[in-house]
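By letter and in written order, the chains are A, B and C; residue numbering begins at 1 in each of them.
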Amino acid sequence: MNSDPDAELVLGCQRKDPCLEGEFRALYERFKDRVYNVCYRITGNATDALDASQETFGIVFRRIGEFRFQSRFSSWVYRIAVNASIDLRRRARTRRLASLEVFQELGIREGTRHDLPDEGVDMPSEAASRRELEEEIQRAICRLSDKLRAIIVLRYIQNLSYEEIAETLQVSLGTVKSRLSRAHEALDRELAPLLDRHYLG
Amino acid sequence: MTRPLRLVAVLLGSLLAGACGEGSATVEFRSENAVATSGPGLAAPSVVPRVTQHAQLAIRHYGRRVVESCDWSGDTPHTTRFREDITSDGEGRYAIEPIEEIEGAIPDWPLFRLMQLARQGMVHRYRDAAVRDTMLFAANWQLTDLGLQSMIAGRRCDLYAMSRTVGTARSYTLSIDQETGLILRYAEKDSLGRLLSRVEYESVDYDPDLGGVVWYEEDEREQLDLQGDLAAQLGFVPLLPDLVPLGYALRQAQQVEVGDERWLNLVYSDGVDTLFFVQSFPPLAPRQGAGAGGPGDLHAAGASDRVAILPIGSARAAQGRVSGRGIIAVGKVAEAELLDLIESALN
Amino acid sequence: MPHDCRESRRRWLERLAAPGAGGFPAPPAPGEGVGDTCPACAAWERRNGRLVRALASLSRLSAPPALAERVFPAAPAPAAIRAIRALDRLSAPAVLDRLVTEELAAPAAARSERFVGNLPRLAAPFRLEGRVRGRLVAAGRPLRWAAAIALLAAAGVLAWAGLARRGTPDARPGSAFERYSFVVERPASADVLDPFARALAETLGGSPRREG
């Protein structure tokens, strides 16, 4: 018997032709917040988080038939979400441009392309100090490398164990420990002054 | 959307509108919802069911569209353009009628038109961009929401890119009517980004008067049971390729009667594109009226096994005589893939 | 950083992640870890205790409704009611059936009847050379030798002229290096194709092939 808590729904999806309702919908409901949080914390803004979450569920939908329970289903979903978010960040500078192909298709020369500025999420100007702290922490997370950012998010936002993180990122336990330690060193440098202020204040 | 971004979007939209030539689609950025301006991203899985061939057939409409195809096999590309009318009652009946050539690029329009009329069934089933098998589509293709809109035939469309993720690169850009899901425009490109084909509606009517429409009558085709023993169903052992182009899988086997000949048509799909492997029923009868000894005499009894292969538009066709059978293989695949498929059927 | 400090900080992090640490990571209890013996590590633990609390207290967001709309968009709205368009449709002319039947049944004959003055000039069939060679071997008479040589030369000239005119070096049979058990030919004209093959190819490929 499969001990994966999501096994029943996953098998249900695999037994039928691709269908957005039923089991897939149930899996979506089960994972939507987790996926969105991972995507938000890795991409750093709501717009990209939405795109990455959408992409994650798109991949899950397309590939669920290939999932063979060699890891927890949740680890597989987290892995897709992490990769989709990292990939989206890499494309961030040009993400609001239509593909060159489409522009060419419409007869637009390459020279007419315009870079649109990357924009963050609108924040209320009267944000409370806690909100400011969250923003600073988020900015510090975003300054981490992809690998360290992913491990911080999985560890402290998703509260995954080392084993689960290793399974999700497909790295060894030693690598998880090493990366987490490096991430702490980096965040300590970035955030210590802020946390000093915050806790003193 | 923030004000700076909106300004840039408007500016870009103006540039695009100004740069688009006559008849081109006008690109507009969504302006109401910042989320929706996020640009390219994987399309929601639910878009896939909307672009399946079944969904397209279920949309009752009449439209006039421009059909364009490019042949890159020569020194310079050769483009064929013509207008056609399509009528669908949304319940399976349809008519596709060529109306006029454009720019006189078709050597013999009357004959071309007659041939197109005769091929309505094939055109409807195999020509236009659509998802024909969702499982294979999921395995071989990716649908990307380009985050853009366009106006086609007065209808607001979302733009998607459908690109092959395995094997020979190929992509389609789709403009899908936001309300109905009908693909109002598609452009097909090869791995080099060259335009292979394009179909674009000039007008569309979703509530047409269907009186007087001459519906196309489908040929009777005996579908064989792929799960069963094909040899037992056919009465002979068919040639079955062991090596098919990457991503393709056998989806149908059917008997086709052309004149007094019977053919076995094996229909492969990669989810979007189709590949045919057709073989004559043995024994192979010498054809009447074909010029014996001429290059068209690929069926001549006694000839050594040989296969002629040549590109036709974005497809490639092979025809010949092997192992005492007439064979035809047609698909949007590389020459080696098509020849390998034939060779693998002989071993 | 001394090796011991690095190791002790890793162990401190591991204890946070150990089963039983409960829910979100809790700050280490005072005196826990190696801070007692290393001032630098003690300070690090204090700072990272705060950091872990801060990270763990980041808001948990709910997926916005827009995500569901993207993944599960609503069914397409019914088609807009549009004015009924009167279609002036004609029945297919009676000649259509005859022409199409003719085309499918006897393509070469039908085509030649309609386009007798417009037939492309074809290169000499490639197997002509083989037939000529065969006859040469079988006959062996000087007169036939001469005739055969002339024929072969003519075939060569025709083939050369055909290739030069078309400028398509691929329009020749497969070479000896081809790995197939059949001879591969690459004709320049789609006329070699059966109408059924041509119909399939032109439907998929979309382009009536340019001849010559």
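Structure notes:
Everything that follows uses one rule, which is that a contact is a pair of C-beta atoms (placed from the backbone, for glycine too) under 8 Å apart; a residue touches a chain by one contact, two chains touch by 3 or more.
Just so we're clear, the structure is a prediction, and the values are computed from it rather than from any experiment.
Ranking B-C and A-B by contacting C-beta pairs places B-C first. Across the assembly, the mean Cα position most removed from that of chain B is the one of A. If you average the CA atoms of chain A and of chain C, the two centres end up 31 Å from each other. Centres computed as Cα averages put chain B at a distance of 13 Å from chain C. In this assembly, the C-alpha centroid of chain A lies 37 Å from the C-alpha centroid of chain B.
Each of the following residues of chain B touches two or more other chains: 35, 44-46. Looking at chain C, residues 66, 70-72 sit in touch with two or more other chains.
Along chain A, residues 20, 46, 50, 54, 57-58 each make contact with two or more other chains.
The residues of chain A lying in touch with chain B in their complex are 17-18, 20, 46-48, 50-51, 54-55, 57-59, 61-63, 65, 84, 88, 91, 94-99, 101-102, 104-109, 112, 114, 116-117, 119, 122.
The residues of chain A lying in touch with chain C in their complex are 20, 25, 28, 32-33, 35-37, 40-41, 46, 50, 53-54, 57-58, 133-134, 137-138, 152, 155-157, 159, 161-162, 177-178, 180-181, 184, 187-188, 191-192, 195, 198-199. Residues 33, 35, 44-47, 50, 59-62, 67, 69-71, 73-75, 78, 80, 87, 106-108, 111-112, 114-115, 117-119, 122-123, 126-127, 179-181, 196-197, 205-214, 256, 258-259, 263, 273-274, 276, 278, 288-291, 293-296, 298-299, 303-317, 319-320, 322, 326, 328, 330-332, 339, 342-343, 346 of chain B are the ones that touch chain C when the two sit in their complex. Chain C makes touch with chain A in their complex at residues 6, 9-10, 13-14, 17, 19, 23-25, 44, 47-48, 50-52, 54-56, 58-64, 66-68, 70-72. Across the complex, chain B meets chain A through its residues 2, 4-5, 8-9, 11-12, 15-16, 19-21, 24-25, 27, 34-35, 37-46, 48-49, 134-135, 138, 146-148, 159, 161, 171, 173, 187, 189, 193, 195.
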